[in-house]
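Below: one structure, written as structure tokens.
Just so it is clear, A, B, C and D label the chains in written order, and each chain counts residues from 1 on its own.
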Amino acid sequence: MSFTFDDLKKENLQPWTAYIEHDFVRQLGAGTLAPQAFRHYLKQDYLFLIQFGRAFALAAYKSPTLADLRHAKAGFDAIIDLELGLHIDYCQQWGISEQDLSELPEARATLAYTRYVLDTGNRGDLLDMHVALAPCLVGYAEVARFLIEQPTTVRGDNNPYEAWLAMYESAEFQAAAQAERAWLDERLADITPARFKQLSRIFNDATRLEIDFWEMGLNQQM
Amino acid sequence: MSFTFDDLKKENLQPWTAYIEHDFVRQLGAGTLAPQAFRHYLKQDYLFLIQFGRAFALAAYKSPTLADLRHAKAGFDAIIDLELGLHIDYCQQWGISEQDLSELPEARATLAYTRYVLDTGNRGDLLDMHVALAPCLVGYAEVARFLIEQPTTVRGDNNPYEAWLAMYESAEFQAAAQAERAWLDERLADITPARFKQLSRIFNDATRLEIDFWEMGLNQQM
Amino acid sequence: MSFTFDDLKKENLQPWTAYIEHDFVRQLGAGTLAPQAFRHYLKQDYLFLIQFGRAFALAAYKSPTLADLRHAKAGFDAIIDLELGLHIDYCQQWGISEQDLSELPEARATLAYTRYVLDTGNRGDLLDMHVALAPCLVGYAEVARFLIEQPTTVRGDNNPYEAWLAMYESAEFQAAAQAERAWLDERLADITPARFKQLSRIFNDATRLEIDFWEMGLNQQM
Amino acid sequence: MSFTFDDLKKENLQPWTAYIEHDFVRQLGAGTLAPQAFRHYLKQDYLFLIQFGRAFALAAYKSPTLADLRHAKAGFDAIIDLELGLHIDYCQQWGISEQDLSELPEARATLAYTRYVLDTGNRGDLLDMHVALAPCLVGYAEVARFLIEQPTTVRGDNNPYEAWLAMYESAEFQAAAQAERAWLDERLADITPARFKQLSRIFNDATRLEIDFWEMGLNQQM
């Protein structure tokens, strides 16, 4: 039997929609999100990125072939050598210094999602880990597309979060998400229904933990 | 320099006290906790136990000596061969069938604490993992002793949670917690201040995630 | 496409036959194996068992379901609670004390096969690890059946290795090996040719490392 | 109590000397090593490098701080982005194509040392893994210095292995090895005698497995 990434979404439509269309997302699109909520989110997103770096390092370790290892390494490089620096720059624009970032404790929602991904990777294989990463890697691209279509979304200088939006709607980010979907679809094409059920549970857990990440931002929780 | 388990508590007094003396705990001691809150907690505690089984299996794998492996295995056996069965029996007294338990999804608070423990174990050594487990293994014994001393605590048939209380105040459980403290103290005696700081961060994270587990029960969250 | 354990053997017939019909095996069956070679093998087999215990603990940690975890635990219990003790007793009959065993360094062939199994388990999933374990779990049963059919095999008091032979030809051991084959066949039934190729490489590596274990015994190498 | 890398060598002088001054090394220095032995070694060294890449990826995953993660990543980058390419080029000079390399099975000695390092890393912490890596990272620099001092060593165009020698005696490689020693010395300064004993066993195992790697080359074994 053959499955696709869309089947994972269909099986988990309620949490997936709650995640993509979350109030944090809507308020960010409308430019009405409280700046301190966004700042809290940004700071935790930095800690999140470091753990995502660890996840791609784990994927490299677990790779069965040199091609898989290079694929995981490309993600690891992008996170640690590029995105982390961009994130630090962007934080500075919001008045958050690198020193602040380095001393920050992780919020529960950050611990929860990142450690779930890492344990899922250790427990299973590369496909398990990628499914746990999908709400982040594929989901953010979908969030951007959702916002573009909303009449309430404000673009340009009138929205303090324009740079965030522009980043995730960029051709580059959308292409990366599309590549991740293609990677998943290729592997999901070969699995049994029992395996799909397992992966669907992982996708459900990961999506719920991503919702909590928005909640954590919205309510400025640690 | 020499450290002890008490130093971990002293460094993290605020979250530790918030955990030991949590409203879920107080209401349970007073017998006023909503039965559906307790039932929700019990069900998630079952899923928690399975993940704790995985943690002790991981500890066995990571053991540097046969003695360490046998020590980890004793904990693994206790969880899977004994406590899981007791838990299923106790759940049945509260109207929760084994079938219910087997189909249950994990709440976020369950995912968060258990996966944090497992990743901490994989990332570091046995001491890292035991420090992450301490809020559970040592903390529950302290919760029981805290409740015994509270004037608001109700004992006997007038408290529907008497069996829960009796279990954690039992000589057997208290001795197990004491043995865990002794194990920790032995290893903490040899560490550097930099290592203590690392372990204290783990203890802080784990304690905060245990608070969330009470919250999850109290508010019946998934 | 559907595969079976026999396909793994067919794909790797040369090393598999070299392993099952190794000179160490033949000499053991004929009772002509040098006692010091057998003693060396016995001592390393004890260290091998401890690492196999770690492998089953790892399998328990990696199990996606409670049923899988209990299955792995049954193997772990058998090794640590039963076989290790039997092995110590048997070693004593050959003049090897438990003290000797506890101080023994691991020979290269012991390090090689056991660590290969453990890394394969960490890198992949339960099926990868079981395929790496198969030359041991299934292979020893086949070794016993091979020896029974050889005209050169000597049975009873005239063969100092009778107890070893009797153990591996016992109904109990043969049934355990058969159960392992059935477990493998069930999972191999669902895999793609690309996945089979991966698993066949693991089976090939593991079989070659088992040959080295016989060689290590025969030549009393460290 | 305070230990250094030299203490690890002193405790394991016999295998360490057997490794540094191995016949493979001496013949390579004298230019008398059989070209097919060198070619066999080169091919396996390529597979070894890929596994070392996995080891540094694992170190990145296991890093307790961002600084540790960046340190591990620098090693990972050097191996995968630089050394692997240099190795492929050097192999081509010896008539070994990249296609040959990609289809090669791993020799037992390659499996043994690399999987020992990886399991040691998973089982313990970063220090355990670095001690397992030290015979390679620090040892090769010592091999080069040993050869420079030998009267039998031939330099320049009269030695077909001149490029190999020049690489490992280069200021760059010697400095990298020196940095690794300094990293180890810093951490060994803080450990207990019991921990040193544990690490010394790892160093002993790893050194013996490196000797086997030379043997594998010398005897062209799979």
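Here, contacts are C-beta pairs under 8 Å (C-beta built on N, C-alpha and C of every residue); 3 or more make two chains touch, one makes a residue touch a chain.
In this text the structure is predicted, and so the values were computed from the model without any measurement.
Novice: Copies chain C, chain D: same or different interface, half of numbers shared as the threshold?
Specialist: Same: most residue numbers at the chain C-chain D interface appear in both copies.
Novice: Using CA atoms for the superposition, what rotation angle relates chain B to chain C, in steps of 5 degrees?
Specialist: It works out to 180 degrees.
Novice: Averaging only over C-alpha atoms, locate the centres of chain B and chain C and give their separation in whole Å.
Specialist: Computed from C-alpha means, the inter-chain centre distance equals 38 Å.
Novice: How many angstrom lie between the CA centroids of chain A and chain B, rounded to a whole number?
Specialist: 30
Novice: Distance from the CA centroid of chain B to that of chain D, rounded to the nearest Å?
Specialist: Here the centre of chain D sits 43 Å away from the centre of chain B.
Novice: Quick one: which residues in chain B touch 2 or more of the other chains?
Specialist: Residues 54, 61, 63, 118, 122 of chain B touch two or more partner chains.
Novice: Take each protein chain as a node, join two nodes whenever their chains touch, and name the resulting shape: line, ring, star, complete or other.
Specialist: Per interface graph, the chains form a complete graph.
Novice: Taking the touch rule as given, give the residues of chain B at its contact with chain D in the complex, in rising order.
Specialist: Chain B reaches chain D through residues 61-64, 122-125, 128, 190, 192, 195, 198.
Novice: Could you pull out which chain A residues touch chain B in their complex?
Specialist: Those residues of chain A that touch chain B are 105-106, 108, 111-112, 115-116, 118-119, 122-123, 201, 204-205, 208-209, 212, 222.
Novice: Using the touch definition up top, name the residues of chain D that touch chain A in the complex.
Specialist: Spelled out, the residues of chain D in touch with chain A are 50, 53-54, 57-58, 60-61, 63, 66, 69-70, 72-73, 76-77, 80, 102, 118.
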